[in-house]
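Next come two complexes built around chain A: one with chain B, the other with chain C.
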Partner chain A sequence: MSQLPASAQGASWWRTLRGFQGRNLWFAAFVAPFVLGLLVFVYIPIAWSAYLSFFDARNTINPTRFVGLQNYRYLLTDPLFQNSLLVFIAFAGFIVPLTYVCSLGLALLLNGLTWGQAFFRSAFFIPTACSYVIAAMIWRLSFFNGARFSLANQLVRGAGGDNVNWLGGTNYWYWLVLVSLRLWLQVGFYMILLIAGLNRIPTDTYEAAALDGATGWRTLRYITLPQLRASTVAVLMLLLIGAFQAFDEFYNLLGSISGYPPYARPPLVHLYLISLGGQQQDLGLGGAGTMIVTALIVFFGLTQNWLVTRADRRAG
Partner chain B sequence: MSRAGLKSSRAGLLVRYIVLVVLSVFFLLPFWIMIRNAFSDRAWITAAQWHWLPNQVNGRTLRSLFADDNLAMARTMVNSGIQSVGQTVLTVFVALLAGYAFARFNHRVARALLGLTLFTLMVPAAVTFVPSFVMTSQLGWIDSFRGLIIPTLFSAFATYLFRQHFLGFPQELEDAALIDGANQWTSFWRVVVPNSMGIIGAVGTITFIGAWNAFLWPLLVTREDTRTVQVTLSRFMTSQGVKYPELFAGALVATMPVVVVFLFLQRYLVKGVESSGID
Partner chain C sequence: MSFSRRNFLFLSGGIAAAAGVTACGSDAGMDSSSDSGASGGAGGNVALSQWYHEYGEEGVEAAVKSYAADYKDATVTVKWNPGNYDTLIPTTLLTNDVPDVFEYGNGPTLDMIQQGQVVDLTDTLGDAVSKFNPSVMKRLTFQDKVWSIPQTVDMQLLYYRKSMLDKAAVEPPKTMTGLVEAAKAAKAAGMGGFFAGNDGGVGVLANMLIWSSGLEQLNAERTQAGFLEPEFYAAISAYRDFFNSGALVQSASAEWYDAAAFINGEAGLQWGGLWSLTQVREALGDDFGVLPFPKIGDSGREAVPFGAFSSCVTAKGKNVDAAKQFVKWLWVDQTDKQVDFSNSYGTHIPAQPDLVPRASKLSEGAGKDAATFVRNSGFASDIMWTGPLGDAFNAAVINVVKRNADPQKEFAAVGTKAKAELKRVSG
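Our next item is the complex of A and B:
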């Protein structure tokens, strides 16, 4: 419709530009605010940071000293940065499958419930309204405090153990704290997405399967999961992107007045600490870090997508 | 697991309800801990013996929370309110227009711009906080509501959700309005928007919750004048000599608005997710 050929004689460039009944102008008017915003606050900053990444840009945004790939080389050989990538991989490795399985479990538990469904759905969904800052406060100070008064230590002592320093970095228990917090906060949202997916599966598919004698696990394996494929791909992608962005709960669980510890630093926290959060602002390093992190998230996203698609085709 | 499979056994249903009740207790527990701490004194919270119930159920902690000038709790709540309402209204407005255009136009320019939008779904604002911060400080917007709101309001996610919704919106309704002499703008506001309140409510709720709970961006751009409640609580938590009751009373106060919004608008959220089909 919008691409009527402008071959009619006398059709000026203006008429072409306006389009049929001015449709091109309407298109421009509708998208302009969004596209301009995207350009000014997403694309230009990314380009700028690509530019800064080749300069020594400490405490300045108009750097003069070109350093080539030095910022990149510094970051890629920095043990703390390498470690932050490992932290991301470990965190995503825990949280992505765990959240998917738990949210699917909750969705299946609620599916087809005749009594109390709205209440239980709200109970699982409402943590979404809590901020990571406040959740971190509850986890850090009441659930998993290293001191004797935390709920976790109360339980550990009840079982005959000694108080555990959950977040102190002398052991790996901080993973339990980090993963349980995010799981609690986000699982309800993905449950809603999967409930929507389950509701789209036609009931007669189940009836047909039941007639063929399929029950329980076999129904799940051969009917539910394949039919949920589209939702699954979307949920896994959103979870991965979310895990990559992790900042709030790490910062608030582990940061203190004396700074952030060297362990459990995900990429964004490390980027924050080296570029903006420290004594001086190193925007060249921050720019290089942004480039690397952006490339990685695109890479991880595409890889996961490829793996899911391939597994799906095999299951075919 | 299916409807057909579980209809059969009553015992299965009973087990299912027991599991659901136990899980709901776990999910609601953190909220209860927040309330318990907000209405207990310090000694009670830090006692070696864990207490499930509060011991100081009165307004004393809340009064001392709001009386603390250092914390400026009332001020910080107002800041968060301005930020979240402003961001919600503007995000919905901008994304609604763009999402509509992306659903109705499919020429080369539209496809290219949609591609640019979808790419930023994968690279969300948080990942590019360093350059966004540089941009914002260049504009002189540090510690202003402009700096807090504008750089984060161009949401590819919201635009995408609206586009998906409008793809399924019957175009006949708009055509009828156009035939009656309305132009695109009036038909959009008179016909399309009033019939899309569900998805607008859903995107609005998601945006509001995200804005109210945002931490990284406010941490970077706010100072004394515009500090939001999440940043205030985070600073309070890591300051020396944590005041447990006040801290959790602050958390309770900060969680209230968003829980209320959530409970009232939850059905829009669920409906919106169902109809937009994120998949």
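Our next item is the complex of A and C:
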């Protein structure tokens, strides 16, 4: 082999970098803006919050007073925060399966329709496009208002009951309001994801099963659900993250000019209140809190994933 | 809308802001004029910028711009800031592009002072400090230094229907027991009882239970809670009984900061803002009276909460001295402008008591009473009553009143929290 001139060597290096037909270049051209955006608006802020969480960072983003784990200790010994975490672990354990079952139920029903499928799919999906704030206002001011003119109270009175103060906090009915609103807003979206999953199951599998005499429940249990596992895993993960990140509908249903009640308080609402809620701007506490919530999401997310995919591992 | 204004009234500093909310509907054309406009014309070479939040009443923006234009020693540019002003200011102060002068509810926060973001105005104010309402100045002073100059004062108070109480032969309530009795009389008269918000009043009245039972939020050294006393436990138990008595209206068509529930008879007595005074007078004529929150227990006292938007000077500004001179000129010397600011757009109280008689809305009747209440019984949340502390306190109040928790146990936890919190923020 005779040695190539330096320029030719450089050109070949460049050619490798560019890739066939300049594919690598195009890849970089398309991906770089998003990576840059992610870096600037997501990863750097995450790292910066982690950094701030070890400082006394009130009204500053360049703190100088290192406080070690003090912010973490402060939050973990805060009874309201402890309570909020416990309630929302329980809430996740309840709302994730409930939303999943409702979405799957709707998806299966719609999938079986021979006419009007597109119409019903849109009808159930439309709430997804509705603002959480606006929906919360409607729930709070007209459906579940504590006064006698609200829709729910008119129904209750029609059935011979007394006016209920739904969101007042003297009873537990606010959970009904919160859960019904959340389901109305979210079920349609996950339904669409699951319908997409259902459409990917080949019909000949069902035909083969039908020839073997499988119907109804058995088809669902042994064909549909296993084939839907990939969608299920994704939907459950999104639901779990969503449960821990609950904010908008809670804040707008229960919050008021004087703050937020101690019950049904999502961790993020609590963190918002104590770090940014009044006139203060305590970025150290806020940073520590988000780290704690992130750790919880990662832990429960991994656990859930492990549980859901257990069957696969067994089969494998 | 109350829901969009997330951080209202946490430190009860948002009282004035709440006044803005109630009048929100009246200023639809605000967007077009929200740009910063140069208002100074003949001013000197020095350029200053001054920030306000968006007042709800019509005409305030034009008024503050004309005040600034009258200043001869500098060119003052007024910026009118719609949106979440409480968050805008702390965020802006982190940057290098800060206003020279800005207003803030009850002066700068503890964090702004500790971070050195605002300057000490003690010398600027000098002897003039004695011209101002002492309750207000006490709130604006921290560690013997004055950090801002009050612009105008807002407050909350108790409205009642005169004719209704007369008919029932019940005295206007001066004590908690009297309030319960009056509320029951109102209910018997078919008006609903006492209304202080759709949360049963626990939000807006929480701090009143401390002050009205003769106690303070914090001890004198600001090292621990100052209200963990039998008087306070008795006060909150009394309020819980009231809450459960059926004479406390728990749901109405509007919130406490709107006078609608009082005007249309959903409540015979209502806790509300001074900002509703004109509206109530138009609707009911002379058939109403105002009172401070009644005293609770034998060692109690009457109390009203106040909030004062006050002018602060930023440390990063390029002309700190000129800015100091400007705020002194506007909020100390220019008394005509101060009266105009308080009296011409909604109902507010001038921060200098000597100017109160010049405010036509406060010259007689309920308005005059209100001005007296602030002077004699005005309270505002302590500067070290932080967001987390206020939140923990309000949570405990809700747990006791609505969920029958034991007051001693609930507030012992708040006491522990207070100690830790005060240590944290002072260190």
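Everything below uses one rule, namely that the second predicted complex is superposed on the first by the 281 of 316 C-alpha atoms of A that agree within 3 Å, B and C clash if a C-alpha of one lies under 4 Å from a C-alpha of the other, contacts with A are read in each partner's own complex, and residues count from 1 in each chain.
The working rule: a contact is a pair of C-beta atoms (placed from the backbone, for glycine too) under 8 Å apart; a residue touches a chain by one contact, two chains touch by 3 or more.
Owing to the predicted nature of the structure, the values given are computational and were not obtained by experimental measurement.
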Residues of chain A touched, compared between chain B and chain C (which is higher): B
Touching partner for A:I61 - first (chain B), second (chain C), both, neither: both
Chain B versus chain C as contact partner of A:S131, first or second or both or neither: first
First (chain B), second (chain C), both or neither touched by A:F30: first
Partner chain in contact with A:L76 - chain B first, chain C second, else both or neither: neither
First (chain B), second (chain C), both or neither touched by A:V101: neither
Partner chain in contact with A:A210 - chain B first, chain C second, else both or neither: first
Which superposed partner A:V233 touches (first chain B, second chain C, both, neither): first
Contacts of A:Y43 with chain B and chain C, given as first, second, both or neither: first
Chain B versus chain C as contact partner of A:I257, first or second or both or neither: both
Contact residues common to both interfaces of chain A (with chain B and with chain C): 61, 133, 136-137, 147, 149, 251-252, 255-257, 272, 276
Touching residues (chain side chain A, partner chain C) in the complex: 56, 58-61, 70, 74, 78-80, 133, 136-137, 145-147, 149, 163, 165, 168-170, 251-252, 255-263, 272-274, 276-282, 285
Residues of chain B touching chain A in the complex: 1-6, 16-17, 19-20, 23-24, 27-28, 30-31, 33-34, 37, 45-50, 93-95, 97-98, 100-102, 105-107, 109-110, 113, 116-117, 120-135, 137-138, 150-154, 156, 159, 184-185, 188, 209, 212-213, 215-216, 219-220, 230, 233-234, 237-240, 242, 244, 247-248, 251, 254-255, 258-259, 261-263, 266, 269-270, 273-274, 277-279
Residue ranges of chain A touching chain B (in the complex, touch as defined): 2-3, 23-24, 26-27, 29-31, 33-35, 37-38, 40-46, 48-49, 52, 61, 106, 108-113, 116, 119-143, 147-149, 151, 154, 184, 188, 192-193, 195-197, 199-200, 203, 206-207, 209-210, 215-217, 219-220, 223-224, 230-231, 233-234, 238, 241, 244-245, 247-248, 251-252, 255-257, 268, 271-272, 275-276, 283, 286-287, 289-290, 293-294, 297-298, 301
Chain C residues within the chain A interface of the complex: 2-3, 5-11, 13-14, 18, 86-87, 90-91, 93-94, 104-105, 109, 111-112, 114-115, 117, 197-200, 202-204, 206, 250-253, 255, 257, 386-388, 390-392, 394-396, 398-399, 402-403, 413, 417, 420, 424-425, 427
